[in-house]
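In order of appearance the chains are A, B, C and D, and numbering begins at 1 in each one.
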């Protein structure tokens, strides 16, 4: 395959680019800030380093972006020396950042107006799955571009989906995160109920792990929650933002979601007590009362 | 092992008794109503059929009960020809029904007053795990009786816990079922949101199954839910009853559980529209509107 | 009218008995504990003081009870020297205490078994309306007894209802208190939202008072809530108990009430932080976060 | 006073314009679509009919807008032949639509950039108060414009507030409507609970009207709700929109509002079953089950 461009060398982007390099892809990378050491490391692994998003696009037929947020995702496209300056017919841009559907649509329209093709492809999974090539890729947009980039997706993820029109990748991610947020609340309520009712929360974890609702999240988060440890793998304020966006999507489509709404209010309660920057499992804290029990 | 009594031949009870028979236990069963065909089927498998709870208790050293609700659980103990008439020192009664702690305590006291020993042992898992001997057994009460009945538990379940004083088994079960009920609602909301937002619910199932919240319940129930098929493995009205009891337990201990409360109201809504006898996954139905979408 | 018995000289009972005396009724009172001064005050107003509930019943054709809770309401009936010892055909007992339907039924059955007639008649309104004869009386049970006691009700309340069979008075009260509890939550959320959004809560009170949802409760409670003053006119834990009982009534009848359920969880949250003995308007406290605002 | 412009002849706008006409104001009206009959009716009452928002602004020193939603409110300002084409120093635009703060700010900035003055002035009250000149007006923005338009406000409303900077009128309105929406849900739940519990909903109305939570909305809406009559004074979809916007305001300020969130989901449920265009009291419908009762 031809050289692939890669914009954004954060925790996720770097892990993904390294994976491509290890699997024999030629990769041309760019990051807003690149330390000497970082550049050397990438070069050692065979990457070339581009001077700007535009330069990478010019050099490569296909370029992947993995930026930290909507603002950064828009910046590499629309700013000076950005993607739009060089994107053209025959070239494709694949944005794997997690952004809202509106941001995605904006980028898609701009790229297509220049004749380029566009694919949004947010991922499910964080640092570890990125390093292990075990991401789940939720792509939508140009089907031809999807087919062309599939060999790279096969290296980056354990599974990729093509979901239709631009926006559907973002929407699918919201639906999944909404379910996850409600589950985290259900789990937290259960842990507190066990504890206040004289049951061991640790035994609850054991029981849960044997039953029909056993899942990696309970297994991974439960023990640290019981120890009130909330090192932020996925910050609570981001989880709450996703709940809000999912509820807004439901509102557009007249879908009543009372459980997600209750979970969202619990996350907001957590934000209101200063837990927004901790892991989303910190919502557990708000279910603990300050009194042992009262009648 | 000696012959074991088994009271209650509902979906669960029958599957469990059959399992004991298949593993070589002698079993004496009783049910409030036993059709001719049903009796014949049980007898074919080697069961003997008792005339009343009292008759079964009289015949067997250890008797298991698996009744549908607290009223039925109390009835087999306290009514005419009930357990109390024959329970005595040297005999044990193991109630595996899902009942509230109060019911369990009432039974425990009455049995112990007659000199018998008592173990509550509600299970996690429904029809399929019951058939496959893959239940999780949450027992509490008389430790000696627990040790004595363990060979039977090893056949009925993949794991059994001894949780201390009577009431703790019931409580643990309620906590697990409460989390499960909230999750089923979160899942249902997500499926409807996907559908109404132009995403394929089937693809959502695939995506969920690859991520951090993948769990057997989503995997097993999802495909049939999408086909609006709700053959009752665990009837919705029983799930709602468990939510109610878990919320009551929270009330006693001043634990606020807004997500479980919202889920409970959704199950009640489902009951109010006649879905109470279907599988608890039928709560999915109430999230579907009757209009395609409106602004 | 003949002399009326009156059991229970708490805040409410005393105000009501005084009202009867002021309007020319002969009243024979009893209280569990009666200080010398209190007796003298009652006697000055023309009351006679009975030695026991039984003594009062013996003396009077109609006796009203106004006890503090279900336990006290049961005690004056079933304990030694209680109502049951003297109630008989031709005598009526009117229980105006706020009790659950089950307690009411128990008393009703016992009184009727002795040949007496029974009316439950819980009231809406607290100290001030009791003093002013402005209670709302929700009676149910024996229609003949209702007609007979009406002259007294006309003095005690501004309006009385006859609602049919015993239990309906208690149920009506629960429905009203449930709506009230949800409204108090809606009001509290609005006050906090105004405050955090840079609006004056006091202006919100003014605006509310001019609109379609203006009501005495907002007008009376609002100013003290803004000053974080929660002197208990109606203790939060009693309001929460009524929410719980109303939700249980809904559960029996398969009525889904998500807003009441959310309000109930908020009251439980308030209990869990030690606010149970304050006025029910103290639920306001739990909506205030501890952080000024966060994104 | 000089001729006043009036943009938007919906239920509210028409009633308000008619009021101004009846009180001797000259009014120049405009609506996106005006049937012949409607035009004739307005002209009969003395109104002149403008061809576009721009034409009305050009003719009048002060112009009031009363549009159905943010999109319509923006459209009359920014679209071709919109307000911006003619607004200038010495002219004022008063937007009485219920919109979010962002929309209000956008309009304010655009109007002020052209030299015009701006006042947002959403109202509390629907069709009947609009007809009777009994609205409550929540204005914010240019204090001079407020003083100038006060004579018209005195005709349209029973009371007007000046709340400071642009956005505060919208916010106050949202807070009030949020409380109202939650109350309507609490009321609906209570009516259904009464009915299913064997109590008369009509008696509940009587009891409520005598107590601490008596309010004009219960009194006005109750009887028609019981008769399943939902002639749209305030369409449900607009009430739900206001709930959504109030919740979004809470989200910005980290205010958790579980009761409002539950009420919002109930309104969404109502939208999903096709009730969006009926009166907001039609949310009552969704609490009725389709089954008489089930256990």
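Heads up, the rule we're going with is that a contact is a pair of C-beta atoms (placed from the backbone, for glycine too) under 8 Å apart; a residue touches a chain by one contact, two chains touch by 3 or more.
Remember, predicted model here, so these are calculated numbers, not experimental data.
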{"item": "Furthest chain, CA centroid comparison against subunit D", "value": "B"}
{"item": "Subunit A on subunit B, rotation in degrees - Cα superposition, rounded to nearest 5", "value": "175"}
{"item": "Whole-Å gap separating subunit A and subunit D, where each centre is the average of the chain's CA atoms", "value": "40"}
{"item": "Rounded Å distance, subunit A centre to subunit C centre (Cα mean)", "value": "54"}
{"item": "Centre distance in Å when subunit C and subunit D are each reduced to the mean of their C-alpha atoms", "value": "38"}
{"item": "Set of subunit B residues in contact with two or more other chains", "value": "250, 254-258, 261-262, 265-266, 269, 271-272, 276, 289, 291, 294-295"}
{"item": "In the complex with subunit C, residue positions of subunit D that touch it", "value": "124-126, 129, 136, 138, 158-159, 161, 163, 168, 171-172, 175-176, 178-180, 182-183, 185-187, 189-190, 192-194, 196-200, 203-204, 206-208, 210-217, 220, 246, 249-250, 252-263, 265-266, 287, 289, 291, 293-295"}
{"item": "Residue numbers on subunit A that touch subunit D, as the complex places them", "value": "244, 248, 250-251, 254-258, 261-262, 264-266, 268-269, 271-272, 276"}
{"item": "Contact footprint of subunit B on subunit D as seen in their complex", "value": "237, 258, 262, 269, 271-274, 276, 288-291, 294-295"}
